[in-house]
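Note sheet for the following structure.
Chain lettering (A, B and C) follows the sequence in which the chains are written, and residue indices restart at 1 in each chain.
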Amino acid sequence: MSAMPTAEPTMLTPPPIPLISIDRATVRFDDVTALREVSLTLHRGERLALVGANGSGKTTLLRLLHGLVRCTGKRATFPLAPDGRKPVAAMLFQRPFLLSLSVRWNILPALWLHGVRSKDERERRCRQALQRVGLGHLANRPARSLSGGQQQRLALARAWVIEPDLLLLDEPTANLDPGAKREVEALIEDIARAGVTVVISTHNLGQAKRLGTRVAYLEAGRVVVDLPVDRFFKDQLPREAEQFLKGELPWT
Amino acid sequence: MDLIDRICGPLAAACLAATLLIAPAVQAQEKTIVMASTTSTEQSGLFAHLLPAFKQATGIDVRVVAVGTGQALDIGRRGDAGIVFVHDTAAEEKFVAEGYSVKRLPVMYNDFVLIGPATDPARTKGNDIAAALSKLASSGASFVSRGDRSGTHAAELRMWKQAGIDIATQKPAGYKECGCGMGPALNIASSTDAYVLSDRGTWLSFKNRGGLAILVEGDKSLFNQYGVMVVNPAKHPHVKQALAQAFADWVVSPAGQAAIASYKIGGEQLFFPNAGR
Amino acid sequence: MNAFTDSFWIALRLIGDADAELLRIVGLSLRVSITACAIGGTIGVFLGTWLAATQVPFRRAAVWAVNTLLALPSVVVGLIVYLLLSRTGPLGSLGILFTPGAMIAAQSLLVIPLFAALSRRLLLDGLREGGDQLRSLGASPLQSALLMLAHQRFGMLTVVLTAFGRAVSEVGAVMIVGGNIEGFTRVMTTAIALETSKGDLPLALALGIVLLGVVGLVNLLIGWMQGRTPIAREAFA
């Protein structure tokens, strides 16, 4: 009698579900080429950190993933199980644009634009979102009177309130002091843990290491390196990438 | 500062509300008619005296649009007014000939006077306008003309012609055209010590006289005839003919003529009724 | 200097006496100009919003036209409206020539380019700052422009005051289409013109002082209303 082969207990990781894929996409603004032949597939639950110098195309890639710019090449979104709907994306910017209205009234239009037509539901979700980011007690304050960190938290609330599948962040903590930075990062972690796919561009390599599961290095509109986070910081990388990591990238 | 802020706002609101409430809202009135007349007639104050009497007699409200004679006749031609009351006989007769009115009725006359600096450098004083203008031209003194196709302007050109001067071809040295009404022309004359031909009514109510005085008066040529015309309903059917005719009839009636004669400034009668003559 | 001090005292006396005719004239000026700003403002802001949001090919031409019309002299507007409303004109049957209605129409036309050009500029500045982020929230160009209107409401207030100043101080249009009829279509500016042409300069200047006083009251009122809202206080802190 032959022995049953004993299978080692393996971690059953579900196969990665693609969310958005772009294939050889090029984005041009007038005579400037912001992205060149970029191919990338974003999977659900991923936390992709984009690093690179200013002007390397990080912001454009974020906007392309959101669908705000057009490209030559392919950009496809994958319908989400179980109802086959398109993924909902929300974006955070380095300096959040807040309407000169109260904190509440910066969230409510986002809900309305998203299609929430019931006034009660809008109020409920708005309250919830503000509580989540710790701004519940400031709901009626003018949004522009908030501190930098509070404003970014408000922007997070505005993004979170529409229950996005994908959260895109363009250097969200670049302007914040360390305390505010920690608060915002904690909230982003929270959101990612709840299953939201996150793409964050950052100058802060520590942030990339802390938050990311995957890191992509961009240079002059191309994705030069695209690796899981542990490999990115251990492996031998191309020379420019190494130089960037060491902070020695010469100004082009 | 806070207290001032607190009271200023409500105070401002109260004042503005008061003006809007006190000033009566315009009510749509059935018996109204628009009359096109001249600035000189209105500014003499005649209408303020005459129209209330007319309203009392007939209950009709006359709304006066006061412009230059040329513009008043134009308003009549367009049918934007029901009555035209001006002082340029030749132009009025042309208006009737064109069919815009059925009949022209003479109403009253006043006179023109030559106004100038009291020092009278051109030696015009007297009662002969043709001679006066002739001396004015040769002296080169400043003269202000209205130049606006008004009744006064037409009369002024007639008088220059009488003095043997054709303004179109031989402007005297000091001749200036302002293209303006009687008041502004008097203003200019007052500030530049110039001569100007004016109707007596405007002169009597003019307050900015400076060094000006009446230099020539009483000449027959200075006679200024006023006429009233009802706009022809055949040309403009919407005209309120009955109301317009009521005014025309009243102003030449004994009652209207008496009202005209009774209008005085500083005890002086301005207009002399001569309907039917 | 005499004319100025005379006028100042005359102005005070007129206000103190609450002269009935003065009140009527002031009331009509306010009624005509406020109504004209309401009508012209609605049309003008719609136009400005559309110009800020739209991408149609003839948009450039429309912007050029609006900017050129900013310099439209009030007397020309008066002439145009007069020819339209005259009995021999296309809208003659409305019969509103020489009534306050015609004056409101003329002043509305006068302020539309002002509202359109200034609100467009405000919206464009706002959209330059935050249009992208509003778009990322899913707002269409029109929705972004409308959100910007709410965002720029204090700037809009200045636009309203500018337009009101233009309307209440103009004399060319209301003179021609209103006819300066005593007790019916006489407003502050036409009264000033009349007294000037009669040579009563101190009275004319006094009326001018009263006109400025009225506009000053309006601004005071607006300023007070602004001060009451906490957001405004923060905004001006």
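Everything below uses one rule, namely that contacts are C-beta pairs under 8 Å (C-beta built on N, C-alpha and C of every residue); 3 or more make two chains touch, one makes a residue touch a chain.
Because the structure is a prediction, the values reported are computed rather than measured.
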Field: Chain at maximum distance from chain A, centres defined as averaged CA atoms
entry: B
Chain nearest the global centroid, as defined over all protein CA atoms shown: C
Message: For chain A versus chain C, what separation do you get between their C-alpha means, in angstrom?
response: 48
- prompt: When the centre of a chain is set as the mean of its C-alpha atoms, what distance in Å lies between chain A and chain B?
  reply: 80
Task: For chain B and chain C, let me know how many angstrom lie between their CA-based centres, rounded off.
output: 32
Residues of chain A touching chain C in the complex: 66, 68, 90-91, 93, 96-97, 99-102, 109-110, 113-114, 142, 144-145, 158
- request: Going by the contact rule at the top, pick out the chain B residues touching chain C in the complex.
  value: 5, 8-13, 15-16, 19-20, 22-24, 26, 34, 39, 43, 47-48, 63-67, 78-80, 180-184, 186-187, 190, 202, 205-209, 236, 238
Message: Quick check: in the complex, which residue numbers of chain C touch chain A?
response: 129-130, 132-139, 143, 147, 150-154, 230-231, 234-235
- prompt: For chain C, which residues count as touching chain B in their complex?
  reply: 18, 23-28, 30-31, 86-89, 92-93, 95, 97-100, 179-182, 184-185, 194, 196-201, 214, 217-218, 220-221, 223-225, 227-228
